[in-house]
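One chain, chain A, appears in both complexes that follow, with chain B as partner in the first and chain C in the second.
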Partner chain A sequence: MSNSHLFLKSGFPRAPLQNGIGRYVCQLQRVTLKFCKNHGSSRGMREFIENHLVDFAKENPGVVVYVKPRRHRGPVLVGEYLNGDREWLNCRNANKDDISKWLQLLKTQNGSSSSLRLRKMWHTDVPSIQGPWTPFTLRAPEANVATYPNADASRPLDVEQSATDKLIELFKQQRLADKNKSTDEVLEEKRAE
Partner chain B sequence: MAFLAKGLLSVARQPCLVNNLTHTFRALSLAPRLQQQQKPTLVNAAVVANKSEKVSSELEQKECQDVFDKVNQQLDERKEGRLFAIVHLCGKQFKITAGDIILVEGYWPPTIGDEIRLEKVLLAGAKDFTLIGRPILPAGLVNVKATIIEKTLTHTKTHFKKKRRKQYMRINFQRSPNTMIRINSIEVEQNVGGPAQVISEPRIF
Partner chain C sequence: MSLFRLSLRILNQNKGLTRLPVLDQTRCFKRWVAPTLRELRRRQKKLGPQLPQPRSGFIEWNYRAELFAFGKRLHEEFDLEMLQAAFTQPSYVQKEQVRQRDLGIVETDVVIKDNYELSERGAYLANECVRAYLSHSFPNVPVVGINAFTDYLLSTGMLSHIATHLGMTELLLDDNYPPKQESLARSLLAVIGTIEQCSGQEQAFLFIRDFVCTQMNQRDLLEIWGIDDPELMLKQVCEERNLGEIEPRLIGDCGKNTLLSAYHVGLYANKKLIGRGFGEDVATATKVASLNALQEIFGIQDNMRPLNFQAHLKPEIRNAIA
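This part shows the complex of A and B:
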């Protein structure tokens, strides 16, 4: 059982340097690929360097790519960001697809984000535009001068028509109709209904 | 505020104007009432009711038009101030205004630097007015522009399962993708309450 989450830093979503308001700037500045020329654990890294690294560098002219061979050490990806963060990734026994995936991750993130728990999925500088809600928003100003206890305010909002009320209404309608028409017409209408 | 509430009420009661506003067809509370009044037993009463209904509906229509005119005037003079909107994005609703950051959890294809338009706008509002969609505003009425600024993974989440006295224990670690989006601008493009515009491309939502 891990208790690492107890000591995890938490925070709120922020973007460095107002990124994306005018234009988007890629935050990854340097990436270093370290590998061994003979060791088996670096095979994926070597394949990636042979096949895809030039394409990656061409696609991302803003990122400096360093390749650093070293003897009998595991393959490593290191990204350095505009805000000074440095992300170190061990790529032992990873194949070239894995490495290209991790490199994409390094490219698309704003800094080393692995150890921050987000408390909100939203950040705003202007929390309210129409003003915060109060119990008096969208209320008639008569409430200011009402005296309490108030019969109107104490009544429930949704009193349904009771069966008796319905019957009384029906009866009244019938009376109205009877006044206006002869009995035959009324009977006909009843049948039609 | 009272004026606004009144305007909203009258909008809600007015089917044709509501359709102008939202282009969506929904059964309104007005229709069943009318049907009820056109029952044969209540011919005379219905005629009277219809007359009063007509007068009141004209009044309401005028009130609605006044509200629309006021909103449009404000928009024309660019005095609406900062706008906010509620958008539906990846199964969640966000209340956004220009300059906000929102996060989409889970796999989502757009990549960094992409500029997108959020089209499912449920509500848009300014200091003095609110446009409410039923359920979403017509396409092209409100233009919400956004930029993807980060795609990353969450912190490592631990999934730990244990059953007591059963020699069962599993521990898994997982990180799910997260996408950070910057809202660039929210603008009302068309006149509010204007005639429905024919949109050639079909909406898929």
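This part shows the complex of A and C:
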């Protein structure tokens, strides 16, 4: 998005009036085809009007089609939508296939899409399954019956083994083979020394 | 320097005088464009903000075609004369009569049908159908709630919102443009009345279901139906439905005696948890818990099943409405 889009109307894709839940209503309410009768740039528009316009109007009885000849002005498609938007499309030198494609676009969108900057390019159907987090979400059941101050809960989670502890462990491993004396007795002796 | 330029200009003028007068084109910077635009802007500013122009004043406007397309767009069959009557406000007929009188016609013979009767019939139908649909969709909600939902759906704001999104603003024959919200709402009700006359009551119900009732989709129902005292209501509901005595209990708290304290209160009836809520103090948490319990009891939770927008009228209700 460049700086020129900063002041463009922004929003999220929304179906107006819950369209499609009850029944689908085509959002294009009228379309105006403006063209010149003898200028070259309107040739495609004239061909479209001669060959396809009647079929288009028959297929889409809900769209009012106006045809407006103007002398020596460029061909233009103007669509008006149910939400009040008006979309102006320049069709200079466009051929009749281009025009039927643009018309198809006008027919299938629900407002002037080129005048809306999308706020987000992604969409989530279910934003969260378990709801927003609270201090009570997924709490351990023991926490309900614990009495405070609690020695277990006060201890830090990462207490590293000290050098003394390591030595004691090594010593115990050495003495494990010697079954005559228990390790604790040996320790007592060593301490006495 | 300026003296030199002046002498050059005089020389050029002399040359021009001797030549034959010919219209010759020159390509240059158009120095008139900016001042003209500035002047136009100044005049526009002086006029002040202008009213929006009605679309019907444009050259490309065919009212009959617009009426025809309106029906086709909504997939409804209309009698065009009747549809035009549905779009005609009584104020428009009065305005026409006044206009004729001002033109000097003593005996005004304006024979335009207005939408008064159609809209009355439409209002009755809409009320009955919306009520029937809502009571079918929310079987556990008491009458107060159904009334609140019905008022929301049939409020002038909501009806005019629907009417504008069906493209009725431009079709409306009213005494001023843009039409008022009331006119739009009346006109939508008149369209409902017209559908009943043209295609029958079943079709009118389908129209109401598809365009009015669908507005309940994904709405926060407690926002529409503001319950003032949820604790009192919960008490009454529990008495009516024999759920037992309500007992609020603190089931968790954190940050006591701090600015960010949070209390978690659960409501129990017959030793069963019926609702839970959070709050910055116990009273608020109890209120939220009561709302939660009411939501559970009435079946209007935030994560409730989507409403069925394919429902049809039962024959006995259809007969009752007629």
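Simple rule for what comes next: the second predicted complex is superposed on the first by the 121 of 193 C-alpha atoms of A that agree within 3 Å, B and C clash if a C-alpha of one lies under 4 Å from a C-alpha of the other, contacts with A are read in each partner's own complex, and residues count from 1 in each chain.
Assume a residue touches a chain if its C-beta (ideal position, glycine included) is under 8 Å from a C-beta of that chain, and two chains touch if they have at least 3 such contacts.
Keep in mind it's a predicted model, so treat the numbers as computed, not measured.
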Per residue count on chain A, the busier partner among chain B and chain C is B
* Asked: Thinking of the overlay built on chain A, is A:5 touched by chain B (first), by chain C (second), by both, or by neither?
  -> first
Which partner does A:21 contact after superposing on A: first (chain B), second (chain C), both, neither?
-> both
Request  = Would you check which partner chain A:32 touches, where first means chain B only, second means chain C only, and both and neither mean what they say?
outcome  = second
Margin query: One more residue to check, A:61. First (chain B), second (chain C), both or neither?
Written below: second
*Would you check which partner chain A:137 touches, where first means chain B only, second means chain C only, and both and neither mean what they say?*
first
Message = With both complexes overlaid on chain A, does A:192 touch chain B (first), chain C (second), both or neither?
response = first
Once chain A of both complexes is superposed, is A:90 in touch with chain B (first), chain C (second), both, or neither?
neither
*asked:* For A:82 in the superposed arrangement: first (chain B), second (chain C), both or neither?
replied: second
Both partners, chain B and chain C, contact chain A at residues 21, 26, 139
Touching chain B in the complex, chain A uses residues 1-2, 4-5, 8, 13-15, 19-21, 24, 26-27, 105, 107-110, 113-118, 121-126, 129-130, 137-141, 173-174, 176-177, 180, 186, 189, 192-193
Within the complex, chain A is touched by chain B residues 1-2, 4-5, 39-45, 81-84, 92, 94-97, 99-103, 105, 111-113, 125-127, 130, 147-158, 160, 162, 171, 175, 178, 180, 182, 184
In their shared complex, chain C is touched by residues of chain A numbered 16-18, 21-23, 25-26, 29-30, 32, 61-64, 66, 68, 80, 82-84, 134-136, 139
As the complex stands, chain C meets chain A at residues 55, 59-62, 65-66, 68-70, 72-75, 161-162, 164-167, 169, 209-211, 213-215, 217, 252, 254, 262, 264, 278, 309
